[in-house]
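Reviewing the structure listed below.
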Amino acid sequence: MPDWLAMHRTMKLIRGFEEAVRGLAAGGAVPGLVHLCSGQEATNLGVIAALAPTDLIASHHRGHGHCLAKGAAPDLLLAEILGRAPGICGGRSGSMHVIDLAHGNLGTNGIVGGGVPLALGAALAARNRGDGQVSVCFFGDGALNQGLVHECMNMAAIWKLPVVFVCENNGYGEFTALEDVTAGADLLARGQVFGIPSGMVDGMDLRAVYAAASVSVARARAGEGPGFLICNTWRFSGHHVGDKQDYKDDDATRAWLEKDPIPRHAALLRHEGASDADLAAIDTEIDGVIRAAVSFARAAPPPEANQMRMHVHG
Amino acid sequence: MFMAEPRVIDFRTAVIEALADAMRTDRNVVVIGEDVGAAGGVFKQTEGLFAEFGAHRVIDTPISESGAFGMAVGAAMAGLRPVFEVMFGDFMTLVMDQLVNQAAKVRYMSNGAACVPLVLRTTMGVGAGLGPQHSQGFAAWAAHVPGLKIAIPSCPEDAKGLFAAAIADDDPVLVFEDRALYASRGPVPPGRHVVPLGVAVTRRPGRDLTIVAIGRMVGIALDAAGKLAEEGIEAEVIDPRTIVPLDVSTILASVRRTSRALVLDAAPRRFGVTAEIAAVIQEQAFDWLDAPVGRLGAADVPVPVAHSLEQLIIPDVATVVAAARDLVRGNGE
Amino acid sequence: MTEQQEKSWKFLESMLLMRRFEEAVAQLSVQKEFAGHFHLYIGQEATGAAAMAALESRDHVATTHRNHGHLVARGADPGAALAEILGRETGLCGGRGGTLHLTDPSLGFLSTSAVVGGAISLAVGGGYACKQRRDGSITAAFFGDGALEEGIAFEALNLASLWQLPVVFICENNSQDAWGVAKGGFPTLVHAAGDLRSIPGAVGIPAQRVDGTDTDDVHNAVARAVARARDGGGPSFIEAMTRRWAGSAPLWPELSTGVTDLRMATGEVPIEPGPHHDWYARHDPVLRLARTLLATRGDAAGRLRTLDRAITARIEAARQFAVDSPRAAAAAALDHVFA
């Protein structure tokens, strides 16, 4: 029986973390661009919770939620995003290149679709070892039009590799709506073409995502080959912090806000017997964790100059 | 003491020996590419491996270079040691993103925690009439990307040795093989044989000028040196063997003795590998030079199919001799 | 002589021209008149002839490394085409492109890419230009089944569908009974999609399959697709199935079925039992169409003989022209890198 309360806590952690990042970015503390996943927590966590700790993921540019769900320490992740020395990658990678193999994370990625072949390769290694490890790659609806994804699905299918392709469909590739760039009425066809079992799920429903992902992961682990899961979700923020989101329809935005996965799940928990006090305790604890992370990251030193030339080669 | 006859084999076979030896020693070494498995390679360059190691370790991919190479990168991050073949060097353009934006940068981006121990082997070579999309080698492009290592063997012995070093290296290493050298024969030690990356070799000693030659140009340089000797010019021929990291000290030590340098490559001259080597020589051995550093490369044009044009692309022995003579005798243009 | 039969005679003429051209190329290779790898269109002539007949001169064509048939069927001068393959100055591209890159912009060909999948994306560009011009012109893309393994094919199909571009995608699937891994040869199709039509289908492009050795089947499908595209109805995908010709099985093509003997169609010469019996008896599209026309009234046999004699003479003249042409001159080696 999954620990729904613990998973609820993780969703709150992700939400709180992203809000903290937004504030830091607005205040100029974040180098470069940063992409927030608020609203997509159920998708991020629902899939990752279905994995074993030894399974691997490959993420994308909107990947803080994946990192946290996979077990990254919030303070070290935040320090990385701020480009500080104690960050997960020594501050050199920032938000878009967080590689955290200690937690089975092949990395967030600055190239659309860039993580998909990495997960495919990890699945190849797993097949050769025969140890049942599963890999998951996350990509957005925009990446569905990358030929690279098509190639990787084909190879996963012909070799029956243990990889699950998860499309976090939030309806937009940067500032462009899905339907303006994606031909074909049925997105699932893009996986079905290869004979890959493909399903679509409400990405704002934590438990639905978890159930669907569990099926795909179990199949992959049993050697039955890849799966394709489309999670319909919404990003509450812009493409990046600073994006004014003029391209979004106001009515749609309102409708999606009402589907916020966190209050929805809170209601479910209450229905199952959780008390207001239980939920408030989570809020308090997460608040503390986020505050500590922010203090830690803000105070963390930048990397020394001598770090620049290190780790180019082994 | 009984001295065994040196064993002479061809370049292609030497590489297969290196691959087979590595694959027997380490089950994480896999070969990935198009037609590398059941067919043994379109140039027969992986012959025998599929029969010995099977489909899980010698993997035939669809025509999906981009996805397949990205897969190799991910596999390397996850513990395998892939040798990925790009059939023709020209198709490196199709793997560029995964090579440049992923493979080259993973170690750096992860602050040393992750690495990509893979080898990208590819063929190149003007002269077979294969035309502009099947003749190129992009060593210069790859050399320009921090994080990648590059080796260019000129003979069977080094082909075997450099491949062994490349496979053992925990960084992404590109090995460029000139198809014109595939049938070339030479002595090759049996068993495990490693030529370390970053170590140049002096192919021929000489006191009058230093010729730094890459890949197939080594043979041409040696032929030219033979002709120059008849004129009383003794050329020293250095084969860097690895482009990144480049054995600068061996090259500079030679130039400090000869005072003249000529750099040769079979890839387009403009902005090429020769430009980097020439720049390094003039930066660090300027006071020893008696003449500007000379460079010869392929013509800066797409490679034409017509034989009458194609044969003009690469500098030949006569061109090298003339350039060397000019440098030494100072005859000007 | 019915209109249908006249149409078929025109197809056969085009197919014979392609067939004798490819036989000349094979022989020139054996004679070492040119180096480099090459690809022959033998076995696929029905598709090329019928498809080209459905296009107009204002249309664009994109083709691949297996392009000789397409150029010849579209009307390229066989002499200039052979000269190109031989690297001569008089070639379609001055000898620079050779067999892999035969093209003729005056006939509407875009650049011919020998990188698998290259033709498809260029064709989408051609389609985009046609749409911008609003003159009813369309672009035809010829490519093989292997091209669908390349991600760029998928991207191109998505764009063509999204923007409803006037492109007719003609996939020449010669992998039926192919000498794949199972037979110790090169795999010719490594795709998880059981049915290649599902790929364009996934992006909403209507797709159909035709017998690539049946000129009427091909022509009807292509003509309909072309009309749709001209009318603003968007792209179509046609999968033309052919068997892989035995001569393409080895790494280097061989004329393993020999110079085509039309008497195997007239019956003057028996078809010997042997590895190529089925090819001669059933699968060779040239012999098949010849047999169909020989069954019509009138002196079809005579007409066939006359036609083949004329075509053979034409190709022989082309071959001689190519062989006699001067090699591309060194002075021109650096031309046309830039304008």
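Observations
By letter and in written order, the chains are A, B and C; residue numbering begins at 1 in each of them.
Keep this in mind: a residue touches a chain if its C-beta (ideal position, glycine included) is under 8 Å from a C-beta of that chain, and two chains touch if they have at least 3 such contacts.
Remember, it's a predicted structure, so these values are computed and weren't measured experimentally.
Contact topology of the protein chains: fully connected, every pair of chains touching. Of the two chain pairs examined here, A-B and A-C, the one linked by more C-beta pairs in contact is A-B. Computed from the mean C-alpha positions, the centre of subunit B lies at a distance of 38 Å from the centre of subunit C. Subunit A and subunit B have CA centres that are 41 Å apart. Inter-chain centre distance (subunit A to subunit C, centres taken as mean C-alpha positions): 47 Å.
Among the residues of subunit A, those in touch with two or more other chains are 147-148, 150-151, 154, 158. Shown for subunit B are the residues in touch with two or more other chains, namely 61-62, 64, 66-67. Annotation for subunit C: residues touching 2 or more other chains are 149-151, 190-191.
In the complex of the two chains, the subunit C residues touching subunit A come out as 149-155, 157-162, 190-194, 198-199, 201-205.
Listed in rising order, the residues of subunit A touching subunit B in the complex are 56, 58, 88-90, 92-93, 97, 99, 101-102, 106-107, 109-111, 114, 116-122, 124-129, 135, 147-148, 150-152, 154-155, 158-159, 310-314.
For subunit A in complex with subunit C, the residues that touch the partner chain are 145-151, 153-154, 157-158, 180-186, 189-190, 192-196.
Of all residues in subunit B, only 35, 37-39, 42, 60-64, 66-67, 90-91, 94, 128-134, 299-302, 304-310, 312-313 touch subunit C in the complex they form. Within the complex formed with subunit B, the residues of subunit C that make contact are 34-37, 87-88, 91, 94-101, 113-117, 146-147, 149-151, 181, 184-187, 190-191, 251, 327-330, 332-334, 337.
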